[in-house]
Structures are given as C-alpha cells and as structure tokens.
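Listed after this line are the structures, all set down as structure tokens.
Shared between the two complexes below is chain A, which has chain B as its partner in the first and chain C in the second.
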Partner chain A sequence: MSHGHHSMELKPEAIRLAENSTWRKLPMIAGIIGLASLAATMGLAGDDPKGALLSYLTALMFVISIGVGASFFVTIQFLTRAGWSVVVRRLMENLMAPLFLFIVLFIPILLNLDVIYKWTNPELQNPDSPYFDYLAVVKAPYLNESFFTGRSIFYLVALAAIGWFFYSRSTGQDESGDKEVTRKLQFLSAPAIMILALVSTFAAVDWVMTLDFHWFSTIFGVYWFAGSFLVALCTTILLVLGLKKSGLLDGVVTVEHYHDLGKLTFGFVVFWTYIAFSQYFLIWYANIPETTMWFGLRLDGTWSGASVLLALGHFVIPFAFLMPRTLKRIPLTLGIAAAWLVFMHYLDMYWLIMPTAHPEGPQPGLIDLTALLGVGGLYFAVFGWALGRRALIPEKDPRLPESLAFENF
Partner chain B sequence: MSAQVMDNAAYDPVDGRSPLVLGAKDFHEITEIVAAPMEWKLPKAWFIALGFSLSLLGLLAVSVGYLVWEGTGIWGLNSPVNWGWAIVNFVFWVGIGHAGTLISAILFLFRQKWRTSINRFAEAMTIFAVACALIFPTIHVGRVWVIWWALPFPNQMDMWVNFRSPLLWDVFAVSVYGTVSALFWYTGLIPDLATMRDRAKNRIAQVMYGIFAIGWRGSNRHWQHYEKAYLILAGISTPLVLSVHTIVSFDFAVSQLPGWHTTIFPPYFVAGAIFSGFAMVLTLMIPARKLFGLERLVTVRHFENMAKIILLTGMLVGYAYAMEFFIAWYSGVIYEQYAFVNRAVGPYAWAYWIMIACNVISPQLFWFKKLRTNLWVLWIVSIFVNIGMWFERFVITVTSLHRDFMPSSWGYYSPTFWDVATFIGSFGLFFTLFTLFVRFLPIVAIAEVKTVMPEADPHYHPPEDGTAAEGGKH
Partner chain C sequence: MANENRNSAHWGALAQFATPADLYHACEKVRDAGFSKWDAHTPFPVHGLDKAMGMQQSKLPWIVLGAGLTGAALAFWMQTWMSAIAYPLIISGKPYWSWQAFIPITFELGILFAAFGAVFGMMALNRLPMLWHPLFRSRRFERVTDDAFFISIESTDPKFDARATLELLTEFGATHVELVE
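Take a look at the complex of A and B:
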C-alpha cells in the first residue's frame, strides 16, 4: 500500500501509442495475415471438409475464449469494485471489443452443421435405418439444426453486446471522468456476469460437447470457463510485457501488477485442474460406458500422448513454475509461463474437439495453423484498432490512483 | 495525497465506504471493547445459555449412548434407504465448517480487510461444526469401539483399510482439515491471548492465558514470524477447505446412482458449503454482536458483504441444480431423468421445494440494499438458508435412494425419535462449545482489527482538532 508520495502525473507518452509506434501497424498486419490465412484454410480444406471445419472450430473456440475470459475478468472487477487491476483493465476491455467478429466468423460453422455434428444426420432418427440411434431421437428437441442455430446466434449476439457495451462505456469515461459511468458499469456487472455464465456454459455444451452427442457432463461449462479465464489472463500478461518492451506503460504497470496477475494465473491453473480432475475422476471411477468412452478415445492409442501432455503442461509444470514469488515478478519468467499456458489452452481446445475428426490420433497440420492465424489475425486486428484508438489505461477511472500506487506487501 | 485515499478498505472514490471500525478513539479502545465480556462478572444470561446448551448436549449423550447399546436399528434406516439423517447431518455440519476457513484464508489472500472483525468468530464456528460433523460417521459405524480400524496402521489382525473408498478419504480430509483449522485459529489467537494475560486480574486467568500465549511479548521478531506463519497457513488452508467438501461430494458422486453420480458435484458442494457457512455466521453473529456490544467492530458493512457472498453462492448452487436437471434430461438416460423428476414431483417433493425456496429464492432478497442492510431480514434469511442447506443434503441422500432400480424394493424413509434427538443433541455440543468460547476467548481478533484502522498506517496524521478519525469520511 502506498504511503502517499506517489506522483499521480501520468506521462502521456506512457499511456498512448505514439503516431509512429509499431503497435499502430497491428490492425493492418494482423488483418492481412488473418484474411490470407482464412483464404489458405479454405484452399487447404481439400477433400476433408470435416477435418477442416473442426480445425476451424478449434481456432474459434480458442480465440473466442480469450474474449469470454476477458469479459468475465472485466465484469468481476466492476462487481467487486477492484482497485489494483485498473491499469490492466483497458487491455481486457480491448479484448472484449472484437467479440462481435464471431457473429460473422461462426457462419461457416452454422452453414455446415451437417458436416460437423453427427446428430444432424436424419438417418439416426429413422427406425428402419441401420444408423438408427435412440439417443438422437430423444435429444432431437434440443439437438436440431434450427434450434441449435437460433441458440448459437443468441450466444454470439449476447457476447458481442456485452463486449461492446463494456468497451464503449469504459472508453467513454476517458474524457469525462464521470463517476456515473463507473457506477452504472458496477450496477450492470452483476446481470452481465449472470448472462455470461449462462451463455458460456451453453455455448460450450452446444459447440463442443454435442460433437459427441452421446456424452454428457454437468461440469462441462465450468471447465470451459476455467480455461477461458486463464487464457485471458495469460494473453493480457503477454500484451502488457510487449507494451512495456516498447517503452509503454512505464511507471504505470509495475512489478506489483505482474505479481498479482501471476498469482491469479497460478490460481486459475489450479482451478482448471480442479475442474478437469473432478470431471475425469468421477467418470473414471463410476466407469459407466456412456461417459467413459469420451475419455477412452482420448486416453487410448495415440491421443494418450496429448492427454498426458495436457496433465503435465496444463497443471504440473506451471504449478511448480509459478509457485515461487520471484518468478511471478520477473517479466521474462512470467512471460514464459503465460506463453506456455496460452499454448496449453490451445492444446486443451484441440484435445476437446479434434478427436472427433481424427479418432485414430492427432494429425496436426498446416490447416490448424492457418485456421488459428485466420481467426486470431482478425481478432487481434480489431484489438489493435481498439488499442490505438484510446489510452492504454482507463485514464480517468476514479480508482486509477489506487491501482497506480498498488503494492503487494 | 493522504494514505487513506490509497486504502480501499477505508475509502472508496466512487461511492464512499463506511469505515470498518466505527468511532474508536484509539487502539486501546478496541482492546477494551473485545476484552470487556471476558472480564464481566458472569451474567445470569450466560448461565442460562450454558444450561440450555448442556441439556441439549445431554440429549446427545443419551442418544449416542442408546445407539451404542442398541445399534443403528434405533434409527429410521432401512433398505433401500441405508443412509439417512446421520449422513445428512454430517454433510450439514461439515458444510457449516467451511465459512471460517474461507474468511480467514481465502479472504486473507484476496486482501479483504473486512474479514478481521469476523474471522475469529467464524473460525471458532468452523472448529465446533467440524467436531459436530465427526460425531455422525463415527457413530454410524455401529461398533464405535473399533472406529480406529478406519486408520491405516499395521496390526496383528492383518486388517487394512480400503483406500478405494471415499469414506476413508473423508477420514483423512476431515481430520486434516480439523487439525489445520485449529492450528490456524490458535496461531491467530496468540497475540490476543497475550493481551488477555497482561490484563488478567486474577492469578488463574493470568497463568492459563500465559501458558497458551506461549511467551508472546509482541516484539518485532515475534510479529515477523507470526505474519509469515499466518500467510503459510492461509496458503495451506485454501486448497484444504476446497478439498474437504470435494471429498464429501465424492461420497456420493463416485457411485453410479442417478442423482449422485454427476461431475459438477465437487464445485457445487464447495459453493453450497460456503453458502451454508456464511448463513450460520450471520445467524450467530447478529445476536452475539448485540449481546457483547460489538456494534462498532462488526458493522452493517460487514453484514452487507456477507449477504453478497450468500447471494453469489446461492446462485452458484442454483446453477448446479439447473445443470443437473438439464443434463439429466439431455443425457437421455431414463434413470437419470426419473431421479430428477421424482425429486420435484415424487413423494419427497415437499423437501425438494423447501430446498429450492430456501436456497435459491430467499437469497434473492439480497439484491436490494435496503433488505441486505436490515438485520432482521438478514437474520431470517440466514435461518432459511440453514434450513434449505440441511434439506439439500436430505434431498440428495434420501430421494436418490428411496426408489431403487427395482420397484419391488421402493420405500419411504422416515426418521425415528432417536434420529431427531441425535441431530438436536449435536446443536447442544455446538452451542456448549460456543458458550464457553464467547466467555473465555476474545471473539474478535483484537490485534488484527487494529491493523485495518487508519491509525495503523505509519504515515497517519491525527486530525488537527484531536478528534477520532473515521477513515474515509472526508
């Protein structure tokens, strides 16, 4: 806690991108990479449209989870009237702003439900067909293309609306410094979190869990939430470190904020593990065929390597690595942990989705990379636009002084 | 810029915050407020409370004695409901035992300074609740005198415990939790015990407080060690508090029984435990604050914060109820679907709807500031939550069992007199320990509360006119 001698004068060059800053090129570079990669993804799809669409879905679920995690972060900061996090909140808000993109980016999925999702096959409903599936029949009121599409549009619009609302209101405060804005966002954060919780739960269930429509798990929504929050934190850490490297945020984001972000990351590594373990352990122990087969696919044969890597890389290694206080306070080590966990979260999404395409084992290919660069490129192009448009921090937030002076003790 | 501007516990730039300590002149006054009840001449009311608690404790002794003599047949257990009130009460008490550690450890790690006025009280409640919880599985084994068979150690009978059973994990989880909670509580007590030692007016009190203060003199070195120990214990307790109710949930969730086997059980049980624990803190704290004149230390702001946590955890529990229902339908498994429909409309529907009304609907009142700052509303809702959380465990345990896979073995479970007597008796143990606690130990952490006062800041300047500072009121 500061003892009152901190200078509150913010250097404008520390909190705003210079006209000639390399960061200003982000929208263009990322946008070009994104569009080119999406075109390449289409070209690479070739004669395996299902594999291509699932690679694309993996990229979508990975990138959208950054925006969803950021939305949870920002709304929780408002709900709890948090002070320490104000200097990093704007980056999270900039990560919320591009959520509207997914309304467009999901169109290829929604137009090809019959390629991706087995439950769309009408043969499953036909009692005379050899493919007749009792579960497809009883789940039909929920798992049918029109209801599924309607729900998906609802999730996407809700996420876009929450993302844009918090982004635009918070940036709107930059000039006026009106405390009413903070008050209003605090008030709206509670319903926003409730909507986010429901939307992210059912989006994860619909888009990912129903890939194997026989399988079910009540904790699945929480699992996806845990990974999303973690990847949003790690992305923010990497962005902060990148901006600092360019000489920005000098004297604004300090080692104390690294430390807190590191602690939260550590906490969410454990939380993700707790949820993942609960899901795995209970299914393994009860050993009911309907639910074990999902893990069976991932633990047998060549997918077992990915599962082991996930257990080690998403839990054991970062858990040990992020434990010491020092490593959370050194930019290099914190950055390594964050980058590693971003990669692990991608692996997690890959592990959830891709066994549907390649039950015989992982087949990472160029198309996975182009899909990721395509979705990620467009997402970070919008992020880059938001970054240059306003200050890098909410410069008139009433709690900013507390955040600037924040110290762990 | 004054130090208070930085200290968000005292000052909020948007709406202002009422101070955590109301109108205390100086540090010494805090000591006086907390220590006074321990130095009063014993009031009649205390003896009445102790007598009442002891009589309930007697009921427990009789119930347990008769159980040991006669066997678990005195309870309403029967096939197919082989787990009844004993397990319900066990989970109920363990759940209540979660708030203390949450307040002491997790809120500490999250720098929530408001915890200092309520943590001692809540931790004591935790330990007493864990003691009550341990009674039930212990007496449920039937032959209580061989309960040590639950511990794994080499013996001449070549008996070995079943490590695959979650009931055994419970033995470890709850006993470790009880131990660490007690250590955490005791560590926090040491500086205050020394205060009591130094204030003691009679020799016996001085010696007793002195022994338990283990030579605390308040030196700089003592404080440094103390704070390090406290942080480490908070770090250890945090995963521990989550693990306990997780393992309790495994008692049910590792089975294949519809209504028990569901993957959301671990976090759902933990949320429910925090929910019920905070409700019990409110139930006890609201009257205790009045009786012991703690209104300036435990303020409406503290109650409001607790109400918000109750609202949050109540909705987490509601989320879990909803997911269970949705996935039961979605699974397409007729047994799953039946188990949940039967909960809502079957013979135990009354219990299910009590649970929903108390746990999901009643906390919704806390959306309104007027209601969550009204002590009567807080107290009544806290009672509802206590009731609702007991019924939650009843619903989980009994409704899932009473309709077996074979309709020929379906049955309806009712408790006997002894089930009820044992449960009421366990409140006797809880209240007896509490009555003794409020008399002999400082029920608010004296040393910790002082650290959240504006005066604790090394750069604090008292106001010019010499009046007491009320942090934040500018």
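Take a look at the complex of A and C:
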C-alpha cells in the first residue's frame, strides 16, 4: 500500500555491531565461561559418572535443540518463501552456525555408551545370565554400540553440514547481493527439511528414548521437535529484545515482528501440549506394562512434582499468558514469556533424561548448571562470533523490503 | 422508520474515490474531522484501512474466549456426569472418573464453541444477515463489489450537514458525491 512509513534505506549502525559494542565481547566471555564450566563439570563428576554424563546429555539435548529448531525455522522460511521473517532470519542462521560444535561435544557420550545406556550390557544377550532380556535381544540389530555410534556421527555431521551451509550461503549473499542465492536456498530447503526431520527424529529416539530401551513411543521425535522449535523461537525473541535494548535493529524489527514471533510461540506451546498429551494418552489407554513404566516413574512418587510443573509451566501458564494480542506486542511481557519457556524447555529435557540417573527423585545439583553453562557457553561463543562477523539481517535478501514493511491486520 | 434524530431528510452522504490510496487518505481525513457514524466500502480488503478509519480493537476475541471456555467446561462436566454419576461403567479397568479420557472431547467441544462464538459473534457484531441497506438505492454503489471505492457518512452523525459534508468529501478527493435517500 501507498502508506509505507518505512524508509528503505537502512541505517548501517542499526544492522551492524559497532566496533566497541558489548556484543563483540560475547565470544570471549561465553567461550571462557564455557571452557571453565566444562572443566568444572569434569571435576564434579567424581564418584557418579553416570549422573554426570546424564547431566551433560541433558545440557547437550537442550542446547542442540536451539540449533535444530533454528534449522527448521530457516528452512521453512525458504520453503514457503516467507516475507515477514527476513529481518529475524539472520539471527536464526547465526544459531545454526555453531551446530558443528556438537561433533566434538558428543565425544564424551559416544565414548561412554556403556555407562549411560543399559542396552549396552552384554549380559542382557546371554540366555544363561539372570540379566537375560528378550527385548534387548530382539532390539540388538538396531541397538548395538557400533551402529549407534555410526548413526550418531551421521546425525551430527548432517546437522553441522546443513547449519553451516545455510549460514555461509546466506551471509555470502550479503556481499554478492546475488538473488540466485535465494533461489538456490529455496530449492535446497526441501531436501534439507526432509533430512532434518529424519535426523532429529532418529537422534531424539537414539540419544534420549533408548535410555529406557523397553519403552517406546512412536511420537517421540515429534515431541522433541516441538520443544526444539519452541526454544529456537524463544531464544530468538530474547536475542532480538537484547539487541533492541542496545539500540540495534532500530526501525528494522518492529512490534509487528514481535507479534508474529509471539503468535508462533503460542502456536508451538499448543503443539507441544498436543503431542505431549497424545503420547501420554495412548500409553495410558493401552496400559501395556513396558510403556507405562516410563510414565509411572515420572507421574508417581518423587518425580510427580516435576511433571505437574511441566504441565502447568509448559502449557497452562504460557497458554493463558500469550493469548492476548497486547501481551505479544509489549517487549517486556513477550520477553518474560520467552525466558520462562526457555527454562521450561530445559525442565522438559531434564524430565526426559534425569529420571534415568535418579529414579528416587530429582536431585538438581551444581553439575547440571556447569554442564549447561559449558555447552551453552561454547555454543553462544560461536553464535557471538557469527553475530559480529556480518550484518544482523540478510541485507541483500530480495524480500527484505517486504519484511521491513510487514504489518499484522 | 424512526427518523427523528436524523439531521436531514436523507439517509446520508456517499462519496466515490478513484483508487484505494485516495480512499485510504480520505478515510484518515474523515476520521480526523471527527465523524463517528460512517464507513468505507471496497471490493477487496485494503491493508491498514482499519487504522486509517481509527477503528478500535474488536470485542470479538472476548466472545470467542467465553464461548470456548463454556464449551470446554460443558464437555468436561457432561462426561463427568455421564461416566461417573449417571451411568458408571468400568471400561478397560479404568476408574469411572478417568479425566484423561475426557480431554479429547473437552478440547473438541471447546474448539467447536469457540468457532461458533467467532462466526455468530462476528455476525451479531456486524448485524448480519442484513438483506437490504439504504445504500442499495444508489446506482453507483453497485460497483462496490467490482472496481469502485466509497465512503458513506450517515445523517445521524452529529457532525452531518447535507451540503457541508458533500463539500468536505469533494475536498477530500472524491470523484463523485451524492445524497442517499
């Protein structure tokens, strides 16, 4: 329409970090915190290597889900040729770039499969052993250490490749201004999203679901995806609000983009709930012992508090809070919702993984925090490097004017 | 017809505009002139026109929320009453009051009522169905579903004055103005 009130000339200081910007210190600060915390995690592991490794796995699954969710977001934007999201897409691309880190960060898990995963125990396969387990025998062709390690390396390399490819191509367009880049990424986002869907599903099943190898849930991959997409959105909201607070993205990301990010967040709160309830509901209905055990551990006894907190905090509270239009358009309230949901997603990962380490009840400890700061620190160090390297938005994207002028009805 | 509060023998004034942009700017001026009983008519939705007209946020979301909550509560209560009070049956060894089993229908009826609230609430707020309107007396107005853009100001508006309003609309860029009976 003719009432365009945005000037299409972008102020360079709004879309680029200044040389003396505090954000430029992010790689250094986060990197030091990350390395120090990882060292502390190793030190704290002490006499409970299984608990320590599962705390570390919780941190890994939490942080990698930010990158996986961002990868889904970016590929969906290219696939649908979305206009509104261009001004926030670069932040998501910067969240994809650090995915290569996990190839290294997963090494402690892959080297200690026998500590973490019960199905590695050879006694389960021995018919003469008191530990003999028929389900372990039938699942052995899939659940064995070499195949598991090979699959894990494939997932990690695929995620790293997709993350780096979209990041480097999109940032490359900043210099060349070549519209062909957009066309190519649109084309490649279709196979990329299929690979992402398969990799994230199988990765969630392998790394988390097989902790209790008797248990199975066919919707588990979707469950993890729902949380991943949600946490990527919330992380982006927090980053946008932080950058705005430093005077960046002024006149670029507007209240209209907040509103849309808020709507998507609300949508994925509902989607997560729908999947979570579907998973619980079918298992409750069918009442098959090998699948109800998993929920029994979480819903009865000492873990039930965490389950109730998850149901309230991951659904009821954000559902009601994010419903009004106004609260999605005010930076403070949107930021509170996003920060709360990031915390809830961590609780979700904790709730999935840690009952394996502490069936007797939640034992949150310092090691959970150091593992989180370790993995998260390194991840955001690379993110910070990517943030400062290029513009904060894809400045030569052909749909940028559409995104700048975007308005909700 | 109760015409006693009309400032004129006419229903109101109708002004035609050549383009959506002209209409948009005219709406801003009509809004700023302080009119309250007026409307814009276009063959397709014009982006941002609600702001140019100074329209307030709709009350519809509250109707939808109320209807949705009513539907969900009704469904949950209905199933509780049927399964645990009126006709208790043991189904697959579950307790009579198995709230888990009630959730899908609670969800569905909540959605159904919310959708009803949205559709019928919208119709009520827009006073639909409306099979006839005084503007239909204008021959020019027939083009509103085709390629013409209009503003109408009702004579019940306290600021309405037959001659002055037509002049004002011409000043705002109308290509044609008329009074509607």
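Throughout what follows, the second predicted complex is superposed on the first by the 404 of 409 C-alpha atoms of A that agree within 3 Å, B and C clash if a C-alpha of one lies under 4 Å from a C-alpha of the other, contacts with A are read in each partner's own complex, and residues count from 1 in each chain.
The rule is short, and it goes like this: a residue touches a chain if its C-beta (ideal position, glycine included) is under 8 Å from a C-beta of that chain, and two chains touch if they have at least 3 such contacts.
Note that the structure is a prediction, hence the values are computed from the model and not measured.
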item	value
In the superposition, chain B vs chain C on chain A residues touched	B
Which of chain B and chain C A:Y285 touches, first, second, both or neither	both
Touched partner set for A:D212, first chain B, second chain C, both or neither	neither
First, second, both or neither for A:R325, with chain B first and chain C second	second
Chain A positions touched by chain B in one structure and by chain C in the second	1-3, 285, 287
Contacting residues of chain A [partner chain C, same complex]	1-3, 277, 280-281, 284-285, 287, 323-325, 407, 409
Complex contact set, residues of chain C against chain A	20-21, 24, 45-48, 50, 52, 57, 61, 65, 92-93, 100-101, 103-104
Residues on chain A engaged by chain B in the complex (per definition of touch)	1-6, 8, 81, 83, 134-135, 138-139, 142, 179, 182-183, 186, 194, 197, 201, 205, 216-222, 270, 274-275, 278-279, 282-283, 285-288, 290, 398-399, 401-402, 405
Chain A partner contacts - residues on chain B that touch it in the complex	1-3, 5-8, 12-15, 239, 242, 246, 250, 253-256, 261-267, 315, 319-320, 323-324, 327, 330-333, 457-459
